[in-house]
């Protein structure tokens, strides 16, 4: 009896340590990659000159020009655009799935969304190239390979992540909160905006951040529809080259300082996602905060 | 300096032939066993796979692994000895040449200038191609076609096809200090593979691009250059000069099974396979 | 103001949760500006009845209702009936306190805000008044910005009362609003109910016979989903017509 | 007046939600239709059931390789990811450090897969000497999907009401027992969602795979062999542009594979939650 | 069996939620095999005190405790104290009913299963016995496999009592266990408590003075986090020493 108890205790202790270990392994693995990028990229950035690297408009390794401003702008524009589409369509769709849709609609839509998550980037890229790009070309003129095409394709690609996680978060809002609100004569929409959304905020934020991460890091799909010209886009219909494209295009043959510059491009990407991540958190926290005032010390549940 | 520079293709072919001589003959005894690792150019990969498949049929005890990665990866892997054979769809750069690699030409690949099938233009002079890529001719009407802006497609910088095309279309200019300047218009769009380029051209009536000859089908139209059609025959008889070699590279003294494989590549049977989509190196 | 016409007329109300019937052929009238008490053993359908009056049962997927609930001569179950307006008009205090995970202030201000009050001063006034009515103001006036989740059980219950008062509904449904309150707080809430009666119509569920006797004008006795007796409170407690009612109120039941 | 305005806003809200759902369905339908339309006519029995050495350029080997890689990656990533999420949300003291960890995890989600590929190549393939192999690929992909798994599992865990945990602990259940009997079953479907999302990521990945698992067009003999996944195959065949028919056929097969995996995952969820929660929940 | 030694000895217990102090210098002894009632106005710290006795406050991140709670001469706040064993020994019925989203049967069987009972027949017996003790058996015996979430408020409350009984703890903490119950069910629970006292030690929070007087042996009166008076129940109700106690129990307070 006593022995069994002791064994149980040891087992439980072991499992708890296993959780800790897993967390360490996960964080370590991710850290190592972060460090790997920094170590491979930072020296190059300093060699080139941080200012020249970040704000140079000309990228021409054969001539010794390593400026990535055009690509920073393209990546930012593409990511923000995709986020607008992804959030604008994804979050309402999640609401639809979690709150409004009849059961049969959920039964169709949800597996379809999950399916969408499993389609390879290459396929999205070819779909964009064969369907979307000619459509843009025919509608607005020009080649069609453009910032707009990237934004739409990325917007679609991040939908599953956003819909899936947001739905999960919205479903998790305790019924009693919703009942309380409806019982006070709030409409479903008000209940959603003022109670469910703030309660589900952390999950929805996570979904957006993961989605945006996917968007900014995406390469294979973007490469096919971007046009890939390193220029500052004058309009949304211009061809652009994103940071990820730059890496994918040249990593296979780059060496020396050129290779370091590509890793430095990775560092910049990393920095951008951190900044976006940070801003997003801040904005979302503030927004909910001002509307409902300071919700002293309330974590969503 | 980073852009792969192609030597005159004829010269390359000769170099390759020279490399071939250094290969010691091997006996025909069936004692061959083991694994051959091939890494490198994605353009060479389909051919290498096809060759490997046939080779393995004849030699069941040998396993041939074909990996992609790109021409440069192929070259470095061959130099470092990570693989038995490195492949490249371009000739070696000056810097790579000193590393003691032996070049074996597996096939030749022609490069065709292509336009949309609906385009009424079917012949361009070499000069016109150059001017289009330099951005000096921007409308098809200037070369006898419809009044439509030209959308210029280029390949990405790492592409062996691009290197060969630039070299052959003289789209590069030597500066006084010896460095080279690209003349291609900054408006040009870039596609990262034969397939992508082909799809782009096939979906846009005003587009022009260049692809590996083997990939041409009825979704795009190859134009003749100065009256010469882009065909294997014209490459072989020397009238069509837009082509590059598919190289297999070995370092030092390759082992017996690797030698057997290279032997097979160069054999009748091997070159028969190569000439299905490409042009036989012989 | 004090006229006692029927404000809610319930005809043949039946409620099913899946296969089990929770309410059976309920037909009663609830009078305006009066307090109606619902009593009966646990699980007899009091909460279910209450929730039918503002259609909160709509939220239970397996719940099915038949019959009529006429409010101002319109059936609230009619297709196209404005449920939002209904719920604003018929406010509810739930059996389990369910504050929002916001600050105390925001909990009370929630209703007014939903209904369009934006003026800060006006909101402050409403919050203060409602909390005072619910006898909670003294305890929380200096921590209005703290989370409502950190309140004690009884405090949460009063907060939920305040939250409903802030909306100023015409009818207030209260499901055991004093179950977690000490006698003094209970008395205060009872006083409040007495006060509210002047302007509002109140339906209250209670397990406390004394409370029902003290505050209500009419009382309904529920048993197994049926209304056994519905009378003036004094009559029901002093002269129960049904044997089962008598047994229950004298504690001889079961 | 205010009321009317509120009503209008409500209606607009519903319209937006409805439209969004419609757009999602539309996009979905279009893409799936396109893939299946272009792909299914090109799928033949021979294409599905033969290997690389046949006339069909069959994908049987590739299909199996894909399933192996999914398996290896999930076996590595799901326990680590789920355990890490459990640690972060149930055990670690909530505070700055956890927030920083979470922040870095989210940030790493934005690293392009090609960089994961390069890292995997240098670390697993060269440094650890695992060569181009399913194992190298599995390790690399595991890291790639960790942010998704950790973050979404954490969210799923957070959705379990505190009162359940309180009740369990008060009955003398240990933290671990509570975790396995109350928290995890309640969060199961959310966790499964995260797994499904990462299966999607694994199946769809090309750059990180061919740089670590290689792209040998043959059935790998062991996890130390190189192999080619469907996505890599598509990537290769699309890029070389010989046969787009084959590319679309592969895409269609892949979509069907993903559908089957998702279905299986849902089924598994149902079975597991029945088993865990000891009765109907 | 009936010896009344001190089973829980509380010395200088202080509890803080962030900056606010919920319990101030509590020092009392709780006797074995007796019923101790805690009374006092809402928000005075009764639940907080109860939760300190089985360390449920550990789950509130901002809660901080000082002082000692000696159970069998060991301080439960000591480092390394086995909390799991503590909570098995000291069971708790929460103020807000919190059933698991399982079936009714599984809710009650949860505790025994935790502690290693696997035999199906044995479990059936425990479930039936516990539900009967909690006066719920008759209402739910034919729907044991239904979800507990579909129970009425009072049914849920009794289910939570049954759930604790099934574990057979030595000490049972009950936070207003009859607040949602009708008088008859309440009486049954009170009878149960009387019965349980023979084997268990019971601490109960109640707002019902009559109830406290009826069932408890000793009563503690809380006010603003302090224990004002702790006496034999009869003494406290008949002869309150403190003016404030008197005011409260006579309803003159506040």
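When the chains are written out, they are named A, B, C, D and E in that same order, and each has its own residue count from 1.
Please note the rule applied: contacts are C-beta pairs under 8 Å (C-beta built on N, C-alpha and C of every residue); 3 or more make two chains touch, one makes a residue touch a chain.
In this text, all values refer to a predicted model and were calculated from it rather than measured experimentally.
Peer 1: How many steps does it take, at the fewest, to get from chain A to chain B if each step moves to a chain that touches the one before?
Peer 2: So the least number of steps between the two chains is 1.
Peer 1: State the pair with the higher C-beta contact count; candidates are A-C and A-D.
Peer 2: Answer to which pair has more contacts is A-D.
Peer 1: Counting in whole Å, what is the centre-to-centre distance of chain B and chain C, each centre being its mean C-alpha position?
Peer 2: Between these chains, centre-to-centre, one finds 82 Å.
Peer 1: Provide the C-alpha centroid distance between chain C and chain E, rounded to the nearest whole angstrom.
Peer 2: Averaging C-alpha atoms per chain gives centres 28 Å apart.
Peer 1: Could you give the separation in Å between the centres of chain A and chain D, each centre being the mean of its C-alpha atoms?
Peer 2: It comes to 15 Å between the two C-alpha centres.
Peer 1: On a C-alpha centroid basis, what's the spacing between chain B and chain D, in Å?
Peer 2: 37
Peer 1: Counting only residues that touch at least two other chains, what does the list for chain D look like?
Peer 2: Each of 6, 162, 174-175, 238 in chain D touches at least two other chains.
Peer 1: Among all residues of chain C, which ones touch two or more of the remaining chains?
Peer 2: Touching at least two other chains: 85, 96, 115, 150.
Peer 1: Find every residue in chain A that makes contact with two or more other chains and list them.
Peer 2: Within chain A, the residues that touch at least two other chains are 126, 187-188, 190, 248, 297, 300-301.
Peer 1: Would you tell me which residues of chain E are touching chain C in their complex?
Peer 2: 17, 20, 39-43, 47-48, 95-97, 139, 150-155, 158, 175-176, 179-188, 207, 209, 248, 251, 253-254
Peer 1: Using the touch definition up top, name the residues of chain D that touch chain B in the complex.
Peer 2: 52-53, 132, 210-211, 214-218, 226, 236-242, 244
Peer 1: Applying the document's contact rule, which stretches of chain A touch chain D when the two form their complex?
Peer 2: 12, 15-16, 18-23, 25-27, 29-34, 36-37, 88-93, 95-97, 100-101, 105, 109, 111-124, 126-127, 131, 156, 159-161, 163-165, 168-169, 171-172, 174, 187-190, 192-193, 202-203, 206, 209-210, 212-214, 216-220, 244, 247-248, 251, 266, 269-270, 272-274, 277-278, 300-301
Peer 1: Show me the residue ranges of chain A that touch chain B in the complex, using the header's touch definition.
Peer 2: That would be residues 60-63, 126, 129-130, 133-134, 137, 142-145, 223-224, 227-229, 231, 239, 241, 248-250, 252-255, 258 of chain A.
Peer 1: Any idea which chain D residues touch chain E in the complex?
Peer 2: 94, 162-175, 177, 181-182, 186, 277-281
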